[in-house]
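Which chain is which? They are A, B, C and D, in the order written, and residues in each are numbered from 1.
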Amino acid sequence: MLTVEDVVTTYGAVRALDGVSMTVEPSTITAVLGANGAGKTTLLRTVNGLVRPRAGRISYEGRDLLRTHVDEVVRMGIAHVPEGRGVITELTVDENLRLGALWRRNRTELQQSLAEMYELFPPLAERRNKPADTLSGGERQMLAIARALMSRPRLLLLDEPSLGLAPRITAQIMGTLRRLRDEQSLTVVLVEQNARSALSVSDQAIVLNLGRVVVSGPAVELAADEKLRHAYLGF
Amino acid sequence: MFRFLNLTLNGLTNGMIYAAVALALVMIWRATRIVNFAQGGMLMFTTFIAWDLAQVHHANYWVALVVAVVAGILIGGVAERVLVRPVENGPPLNAVIVTLGLLIFLQALAGMIWGNSQAHSYPPAFRFIGYKVGDRTLRFSPNDLFIVLSVLVVVIALYVLFQRTSLGLQMRATAFNPEVAGLLGVRVGRLLTLGWALAAGLGALVGVLVAGTSSGYVTPVGPFDALLIYGFTAAVIGGLDSPGGAVVGGVVLGLILSYADSYISNFIQTMYALVVLIAVLMIRPKGIFSRTSERRV
Amino acid sequence: MADELESPAGALIAPTSASSTDRFGVLSRSTLLRHTLAALVGFGVLWLLITSFSDYRNSSWIAPIAFTVCAAAGLTVLVGLSGQISLGHGAFMLVGAYTLALVQEHWTTSHGNLAMIGLLAAAAAGAALFGALVGVAAARLRGPYLAGATLALALGLPTLPSYEKLSGKLGGNAGLFVSSPNPPNGMDLYRWQSVICCASAVVVLWVLANVSRSRVGRSFRAVRDDEIAASLCGLSVPRVQVLAFVLSAAGAGVAGGLLAMIDLTAGPQAFPLSLSFGLLAAVVFGGLGSLAGAIYGSILITLLPLWSQDITDALSVHSHKVSSNMPLMVYGIVLTVAMLAVPNGIQGLLRSLRLTLAPGRRR
Amino acid sequence: MKRMHVRVALGAVGVLLATAACGGSSSGGGGGGGGSGGASAPGVTSDSVTIGSTQPLTGPAAPGYSEIAPASDAYFKYINSQGGINGRKIIYKYVDDGYNPTQTVAQTRKLITQDKVFGIFNALGTPTHEKVVDFLNQQKVPDLFVASGCLCWDNVSAHPYTFGWQVDYTVEGKILGKYIAQKFAGKKIAYFYQNDDFGQDGVKGLDMEIPKNMVVSRQAYDVTNTDVSDQVSKLQASHADVVVSFSVPAFTALLKLNMLKVNYNPQLAVSNVGSDPITLSGLLEAFAKQAKATVNGGDLIQGIITDGYLSSPADPSNSWIQLFQKIHDQYIPKLPFDGNVEYGMAAAYTFAQALAAAGDNPTRDSLVKAVESGLPQGPGLVPFRFSADSHAGFTGAQVGVIKGTAIKLLGSPQTTDDGGGAVQDFSGTQPQAPSNGIPSSG
């Protein structure tokens, strides 16, 4: 579904990504793991076109993503939940969700999607007309994911959804991701520092270190590799 | 009592004009985080265009008004694209200087085309002689009513645009958080241009409305500049980020100026604006209606 | 200039090291010495200029540039160093001008040079006092709110002399008369006015240069870079901000006093909004936070209208409408284009040129 | 880092040196120009005399008044086309001060130091010219025929180089006041005036002739605030039957407009400087359509009482009007032929009289002496007061009424002084304009 080949992304003299390749199959969850500064966020930003790589190829369902504009990427079915959640705190929950489905013109479909999201995330339904800055951290994360889902994506790029959340909330969110994969065939690329919880829901994983892929493989195998866990994953 | 009524009506009319200017400033502020000091210059220029049509070429009042508003929209859009876009992400003061430069440029251009020395009066849309109450005449005329209603209609239309349409939602999202809006597929650049264009169109309407209230109003440098300052004061009182606050700020300022002018002194009008502004800001340093924190100058 | 390249951390650490050098005095005294030397050399050169210039150049170039420098230097300390903003610095000039006129009217009869120094000091003090008042209010305000308040100040204050209850004392819209300084034997009035203005500008620059290199200057930068970090380091943020306003206003006060002394009048219409905007343009155009930038900027905003007028005259444009608006148009275009082309001002441009030409000397 | 400040200072010095280098040469050239002609005074060469003026070409006083200097210039061009005065052409350099005293100071300084004019002629405005009169006298520059009726120009000991021209506002106030007090005896009278020496001098004159108990309201305005609606409300509340206004044209129009708005229609009387019918109707034109039945701006100002010291521009039988109309049509056909144009040409004529009398080699002092020895009446309805003891201009004026787009003069001209002297009828007549339109020398 998504293929990344030998991508090099630089910020000035710093090589944030240094020849990264990965393949994502449909209806799977892929975890991208690694320490701070390993290049995880840059990988996501490169995939959806916020950052242009210096070299390499990225294709999505056979189409070249490097020639595509950011808002076109959204229309192609790729949704991005940025780090730090990126909800617009001045707008209400409902308005945030509507922003997720901007390019869809059909009103009934929009209402239907909204209803689905409130069903999927009940805490949001209670606060639908409150400004987003009244939400708790976990609720904001839910809102960010829900907003991304509003565009009916087939590929969801998630950046550090567990950051700053209580383990119980993180577990809820991971559960939701699994449900979406199983029930709606959603494909997810999940960037995480919290490797343990990420691996618990993932099908496969890659580990980045200083912009390079050090390991990739099925999530179960990685979780079982004691050395790897000590060296890169910290659990 | 009759005097108080007159002052209130007078303050309300002026206040609605300040409110509309404030609203235009708030729209631009929300879109680009820039205080548009060229607002007064832009609406002066479009009013001159209307004047040229109406008084020199004897065009119909409404035709001239529409042309002015369209011209305003164009000027606003072009200004954003050509002048403001390059400094939007630079040091904030540079944007201030660029809008000041634009203001000066427009004043000079208007002077070159229409001259600084003649007195240009603009016709009111309706009768400017006040309504009769018994045997007395109010300082409030059909034309004043028209001004109040026009601004009200525009305010309501903008409210509907911002709160009830997808375009308005996108504009607000862009104003609050352009980066996230962009991630969601909002065409941020276009909406910034649209924000400037709409604000300048609103300004153009105000220019034509206010020009018909006083003789010799249309000059390259002069009364329109004061309008910007009162509009800015009203916007700051309201909280800069809040369109509703801008309207309330405008009306409050209009009323206070009207009362103070009559009960205290006619010579220190701008001093009252200063006192009101300082008083409000000392109590609420970010204006009365502001909820959000400001990002930069 | 180099000062603003200092990291916030450097600015925060610096106060301690400064206090230790103050105690031993070697370094700080040599800074003082260096500034004093530069001031003396600068004034010497200016003296040569003044004596060789015609009346016109002295009265229309040198004197206006010099008093603009006083105000712009003050403003650049406020905006560039302390990170506050003032769109209404003309108001402080107005206070300086009226202070000078009132003191002269009520308390001095002498027109001697000592009296004149006293008058200018009074102008600075009056403006500084007013600056303290404004600063206290300003310390509560940020960004556009501070900009709005200072703008309203510049617009509101000039109407005050017309107020019925004050117009008797402040001369109404026409303002107050100021008597002209007495030139020493053999010098004509314009030269003497230029000498006074230049001497004042040199003194103002000398004071501001020393202050901005001192602990006070470092506390300005610390507050500008990060208010929270500065207050954690024990600085009283409001106090520092008020102090910046006081200093800045004093510079503007001197400028206002000089303007009154040249125009022989202190009137409200001498301080329109365009004056305040021009000062800001000078500061931004020269390069924020740099005293040298304030000088370049002042030269630009003073000479640009004069030159464009001369050029227009020389082209003998027949339409009066066009020719009379040409200086204004050139001014507007230059401001806009300059900001788009040289966003960091002349001083920024020079700095990047220096880095390109001599990359080895990068700090 | 230590080097920075030295570099700052040196950099600044460098820039100044650079400006000095490019400025020095041209300043030397300018300085030499004055002396090389072998002429007797600054601004005078063997074939020209350059004079300067500050005028409100923009700003609140520009409506109407901005026509004055072009009209003077047209008259000078006419003289030049006939060979000039004593063989010298008059070059008239008028610059804009926007009716802003600060600008006046800067522009006047420039005229004296850069343009090196022979003298200042007809500089316009009371609050503006007050700021430079000391300076001009200090520099011993002739300051002829200030375009303002302030009493302050007539101060021989303090300002020996300054001369007024038009009738002063106090004399005007007395003449208007006497007429109003007689015609509207027993009625309520109110004042509307500009809050400076112009308005206050006028009110002083009015008060000398109108009994205090007849005056029910006094409202002042400031030129920087165009909102006079409150003053008008207060005038209306005083139920005054007559409102006397000492205002510039823009504010006369604002007064009238605000009166119309509240349907308050007292008899208006406006001093000469604020009553030019063509200027006023131009300002009010846009409002005429919405003001009930009237069709043009002129209809809104009919019947306003005013006064004049020159012939009405609408009187084609007058020899001066014929002369000025001819020059107008030739040099400035685009401007309306109104009282402002007549004013500019008449003042220019007086200057030509003075220059002719100043001798073949005029100096600044000989020009002043020439005016002090008295000038013939010229285009005025009344004579000048000029002498070694008085630097005041016209001695009086004639009351009139706006009719159509002209002022219809009533009765005969009247003269008085600005003290306690009585207002008297003037029995002399206006001389005919010279056939070639140029005052004869000597």
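The rule we apply is simple: contacts are C-beta pairs under 8 Å (C-beta built on N, C-alpha and C of every residue); 3 or more make two chains touch, one makes a residue touch a chain.
Because the structure is a prediction, the values reported are computed rather than measured.
**Q** Common contacts of chain A and chain C?
**A** B
**Q** Suppose chain centres are the mean of their C-alpha atoms. Which chain sits farthest from chain C?
**A** The chain lying farthest from chain C is A.
**Q** By C-alpha centroid distance to the whole-protein centroid, which chain wins?
**A** Looking at where each chain's C-alpha mean falls, the closest to the middle is B.
**Q** Which pair wins on C-beta contacts, C-D or B-C?
**A** B-C
**Q** Please work out the Cα centroid separation of chain B and chain D, and write it as a whole number of Å.
**A** The mean C-alpha positions of chain B and chain D differ by 37 Å.
**Q** Nearest whole angstrom, what separates the Cα centre of chain B from the Cα centre of chain C?
**A** For chain B versus chain C, the centre distance works out to 32 Å.
**Q** How far is the middle of chain A from the middle of chain B, if each middle is the mean of its Cα atoms, in Å?
**A** A distance of 44 Å separates the two centres.
**Q** Multi-chain contacts only, two chains or more: what residues does chain C have there?
**A** In chain C, residues 159, 162, 167, 320, 324 touch at least two other chains, as defined above.
**Q** Going by the touch rule set out above, which residues of chain B reach two or more other chains?
**A** 111, 116, 220, 267, 269
**Q** Can you give me every chain pair that touches, using the contact definition above?
**A** A-B, B-C, B-D, C-D
**Q** Can you tell me which positions in chain D touch chain B when the two form their complex?
**A** Per the touch definition, chain D meets chain B at residues 57-60, 62-64, 66, 96, 195, 220-222, 225-231, 233-234, 237, 249-250, 253-254, 257, 260-264, 279, 282-287, 289-292.
**Q** With touch defined as at the start, can you tell me which chain C residues reach chain B in the complex?
**A** 79, 85, 87, 137, 140-145, 147-149, 151-153, 155-160, 162-164, 167, 273, 277, 280-281, 284-285, 288, 319-322, 324-326, 328-329, 331-337, 339-340, 343-344
**Q** Under the touch definition given earlier, write down the residues of chain B that touch chain D in their complex.
**A** Of all residues in chain B, those touching chain D are 3, 6-7, 10, 55, 111, 116-119, 121-124, 126-130, 132, 137-139, 141, 143, 212, 214-217, 219-223, 261-262, 266-267, 269.
**Q** Which residues of chain C touch chain D in their complex?
**A** So the residues of chain C touching chain D come out as 1-3, 31, 34-35, 37-39, 41-42, 45-46, 49, 52-57, 59-61, 159, 162, 167, 172-175, 177, 180, 189-190, 205, 209, 213, 263-265, 267, 269-270, 272, 290-292, 295-296, 299, 303, 320, 324, 350, 363.
**Q** Using the touch definition from the top, list the residues of chain B that touch chain A in their complex.
**A** Of all residues in chain B, those touching chain A are 166, 169-170, 172-173, 176-177, 179-187, 291-292.
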